[in-house]
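The data blocks that follow each hold one structure.
Here subunit A shows up in two complexes: once beside subunit B, once beside subunit C.
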Partner chain A sequence: MSGLSLPEKQNAGAGAYVILLLISVYCLVPFAWLIIASFDSNPTQFIRWPTEWTVQNYTRIFTDEDGGRWLINSLVVVGGATLLVVVLAGLGGYALSRITAWWKLPFLYLILLVRVLPHTALIVPLYKVLLTANRGIESVTVNLFGARAAREIMRYIGLIDSYLGLIVVLAAMQLPLALWIMKTFFDGVSREYEEAAIMDGANMIQRVRRVLVPLAMPGLAAAGLFSFIFAWGDFLTPLIFTSSPELQMLPLGLFRAFLRVNSIDYGLLAALALVYLLPSVIAFAFARKFLVRTFSGGVKG
Partner chain B sequence: MALARHEKRRAWQLRLILAPSALLLLALYIYPALYSVYLSFTNEALVGRAAANPSFVGLRNYMRLFSDAGFWNSLWVTLIFVIGSAVIGQFVLGLVSALILRQRVRFRQIFNAIILLPNAVPEVVVGFMWIAMFVGGHRAVLNKVLEPLGIAPVEWLQTMPLLAIIIVNTWRGIATAMILMTAGLSSISSEVYEAARMDGATRWQIFRRITMPLLMPTVFLYMLVSTASTMAIFGVIYALTRGGPGGATELISIYIYNQSFAAFQIGYGAAGAVMALLLSIIIGIIYVRTMKVEV
Partner chain C sequence: MAVIELKNVRKSFGAVEVIKGVDIRIEDGEFAVFVGPSGCGKSTLLRMIAGLEDIDSGDLLLDGKKMNDIAPDKRGIAMVFQSYALYPHMSVAENMGFSLDLAKVPKAEIRRRVEETAAILQLTEYLDRRPQALSGGQRQRVAIGRAIIKKPAVILFDEPLSNLDASLRVQMRAELQKLHRELKATIIFVTHDQVEAMTMGDRIVVLNRGNVAQVAPPIDLYEAPQQEFVAGFIGSPRMNIIPASLAAKGDSTFVMTDLGWAIELPGRLPQDTAEQAGLGIRPEHVRLTSTQADFTAEVTLVERLGVESYVTIEPSGQQLVVRVEGNVDLSPGDTAGFMVDRQHCHLFAQDGTRIDLGGRP
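Up next, the complex of A and B:
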């Protein structure tokens, strides 16, 4: 080995490969079981090569169970929350990057600190807030459209046991991290672009549309992907804030199917778990490069 | 003059576009957090007499908390869980992976993807996957995998549940540690290494004397972030064990959940949450003070 070679250019030795392989086995074994079991016509919780392969476990998600609805509910709720987070964090992160005010740093640390509080502690107060707001919205709708129409309308604009309620709660939980990501991102975007646009007489909306949004795309993508992944994997929010079966999302569908102790259907569960897993793996594949950049930004200050 | 007016208008516009985020956080995050601090001083409950008419009880919830063996147990479980999974498991495996993967490795992208994969798995799916790994005596998948290494089969969730959830959480978080450590390693200038190599330093000496000291700020940042986030973990472990058997995996977040929603004592559960928050802050301050990190 020559004295000029840098550490990152060293060839990994055999020992390094053994360690890497062991870590990989650790990471992959649960997936191996899940994938094999989902195609096994007679699956068990034990890992084994199927005697007969089948895709029936997958079709049964949509025929025996209400899996299609769970999937659509999850996509609507998590997609809606992600969209809301991207818009709010894009605007808010830009503001936080440019504002000069005494409350800016305290605000940023406050939203970081609240994240540390176990979410199980926030649920009851959160429920009360939603309930109060829901009552307000309900009385307005009843007055405007009458009691019967109001019930239909509340499904969409109500906050309890509704899409909108789940969306705003999930969005609020992802917002602190997204605001931080966007604030840090805009800190790195030179003000000269905006100043040039101001000189050209562009107003606020034009500046946002022509200059800031195109510049902010990578940051928005990172914030959006992280929000999607965390909200998609979240279990507590759907557990607490949904009761009607029409609103059931994938995590609860999976959890409840698993709780039927005397008749655990491993094939169906494994297939369902894979269906649930796939969107977040895809999002993660896209998020990978942002992941490294976001965290290294944190390291370098 | 025109410029000053413009600046003033701009300041207002900035506040205006921050307002929706601030309001949402205030209503659904900050206010509930403060409200739960308030609740911890009341006997608020979901059922019974106190549910209709909650009253202020001062520090009674906290006194009860301190004399409750279940609370101390949950703190102890949380401590072991954080040390075992975040401080040791994820950190060591993440650092080792980062160190190896910055060398010239075949299939580096594939190894990278494999280590990142567990990170993408939703909480409930983690619970489901690992139950299948743990349960089933000598036929359980994990026991089969460990058999060639000469490790005797055990009923993981019965005999060593705490180790089991540490294994699961380590599995989930190697990637985060690896990513941070990779970023930290890449910020160490290669000239330092070169100089050391010139002086005839061995690999181990380089690691001990150069890499580790220069990596310390990253390590501390990682410890701070991962300790705080590991203390708040709920979904994964709840889906896996629901805190059992007999409280052996009842993390502080699960203890709060069980007190609030299984035992219906909201005020008491809130007191537990406040203690957890205080603990996180204290640990954060200790990290920052002793390690003098800039956060």
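Up next, the complex of A and C:
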């Protein structure tokens, strides 16, 4: 490029910007359609400026449809799974970082393999396992509390068609990556912090709460964010493991609204899609604050 | 007030014994330095005193009380880490006051003592900053402040100056010595840097492969190293060790070096001394001479530092270094004559122990 004169360079630069602009527009069009259509009183499958603006599409999610329940279900299940992943990955990642054992690396690669396998392929055996476990739990509860009480109890401790089962499965799928993130993170946290805390007189709980957790916040935020986003976007797992309408989550609600036979309600679908993607954006914005918080300076000069 | 005693202390990591029966007594208020090459066990020994490593066998006594199984924070010991390990999520004041906060000292009292400690260390204006907003020297001071705020009887330093640049290191050496005089605490300072050891310690403990090689004040180590290892470790450039054979010659000792020249040292050779030995001569105890040369050799390297110069010679393939005051008018390839200062020669037996000649002070 050094042989080019200044105007030629400027032309080349302008050309690059034009191409980049076209690519950006191409990528942004679906989002633009989504936002515009969700406020359009009569949207079509083509992008167009609405003749009449409305928030009816949004209110219908929560009045005509059971959108509020879907959202709460999604938040409870994905939030619960994320919390479980963060706690387990924090503790496990710390242990995996500090331990020296021959099985450490094989173990880490093994759990990563779980993450690498397409989870559609795992869903059938997983369902079989959970179903068997569920039957076991059910028979124990029926014996203990009788058939009627057992049905109520199973809603909370059952593994099929329940919050708990979904939380456990979603968390199990996100845990390997989170463990890797936390193990790598703790590898970079000097042991001298903990030893300094020991010398300062901190017991185990104080060391975890006042030194390790604050130090681990960027790692926990990263692990939590990835877990939340992957679990939030998961469609297949809630589809397979839940059947009751009262446990329906947002992606399934969206999917079923799309499948209705009579006609496609673009306004409702667009609004629902926006409601569905908003928590991911909020989670990202929330985690970003921790992700960028560097902790250089405590160790070394 | 604290006397530290180690009695036949041992430690193994798996099959490797890293501390092989160490006996040391460090007096109250003493500034003791543990020095040795990397892997000699000095940091492990320090961590055993702190309580961060268990003691496999032997006793650790503080003022006569056995401390082996006492929790680290109950020993009255503070430690400054090599990396400082300041908590990055706490301010300077919180870092220094953390141990008091854990001990449930009232907030006002913590504030008072943090300010008092900060004043000693000239950190008052930085109390609200985070560690990452401080320079290396300031972080070092915060780490010291965190250690001294509980007024410990013993302060342990684990290579605390190794992360500082050279000029700051010299300054911190002086500050630490001043602090030691003010606090009157017993200090153990671990370093691999013999200059730090020589300049700071009241007494130096030289460690080699998990054993104590010698415990002595700095100048004694320099003038009368009890082992060839200590002779080689203390002093820079290293002491020259020349293989030689010894023979008694009346009241003096005849030393025939393997390099083909001989000198006669004052003092009687002890009986039953093996014939083969090492002749140790420090670079500053060999002089350039044109008239009374003990030997001549070709110069292979001249390093001029201004205040002194180091001349390297390689007679018969053995490298020797000679220190000359100021500049020197020699260049590689020149041949020069050298004379050995007989008052400052050391003899070491094949097993590395010192041979003292009789009738010498």
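To be clear about the criterion, the second predicted complex is superposed on the first by the 260 of 301 C-alpha atoms of A that agree within 3 Å, B and C clash if a C-alpha of one lies under 4 Å from a C-alpha of the other, contacts with A are read in each partner's own complex, and residues count from 1 in each chain.
Throughout what follows, a residue touches a chain if its C-beta (ideal position, glycine included) is under 8 Å from a C-beta of that chain, and two chains touch if they have at least 3 such contacts.
Note that this is a predicted model, so its numbers are computed, not measured.
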TODO: Check whether A:D200 is in contact with subunit B, with subunit C, with both or with neither, and answer first, second, both or neither.
DONE: second
TODO: Check the residue A:L131 against both partner chains and state whether it touches subunit B (first), subunit C (second), both, or neither.
DONE: neither
TODO: Figure out whether A:I72 sits in contact with subunit B (first) or subunit C (second), or with both, or with neither.
DONE: neither
Open item on the list: For A:V281, using the defined touch cut-off, is the partner it touches subunit B, subunit C, both, or neither? Pick first, second, both or neither.
Closed with: first
Task: Of subunit B and subunit C, the chain that contacts the larger number of subunit A residues - done: B
- [ ] Using the superposition on chain A described above, determine whether A:F235 touches subunit B (first), subunit C (second), both, or neither.
- [x] first
Task: Set intersection of subunit A contacts, subunit C complex versus subunit B complex - done: 198, 295-296, 298-301
- [ ] Provide the residue numbers of subunit C that touch subunit A in the complex, in ascending order.
- [x] 50-52, 72-73, 77-79, 81-89, 98-99, 102-103, 130-137, 139-140, 146, 163-164
Open item on the list: With touch defined as at the start, can you tell me which subunit B residues reach subunit A in the complex?
Closed with: 6, 11, 13-15, 17-18, 20-22, 24-25, 27-33, 35-36, 39, 44, 93, 96-97, 100-105, 111, 113-125, 128-133, 135-136, 139-142, 144-145, 171, 174, 176, 179-180, 182-184, 186-187, 190, 193-194, 197-198, 206, 217-218, 221, 228-229, 231-232, 234-235, 238-239, 252-254, 256-257, 260, 266, 269-270, 272-274, 276-277, 280-281, 284, 294
Task: subunit C contact footprint on subunit A (complex, rising order) - done: 190, 192-193, 195-202, 206, 210-211, 214-215, 217, 294-301
Open item on the list: Under the definition above, what is the set of subunit A residues touching subunit B in their complex?
Closed with: 3-4, 6-12, 16-17, 19-20, 23-31, 33-34, 37, 45-47, 88-89, 91-92, 94-96, 98-99, 107, 110-111, 113-126, 128-129, 133, 168-169, 171-173, 175-176, 179, 198, 204, 229, 232-236, 250-251, 254-255, 258, 266, 269, 273, 276-277, 280-281, 283-285, 288, 291-292, 295-296, 298-301
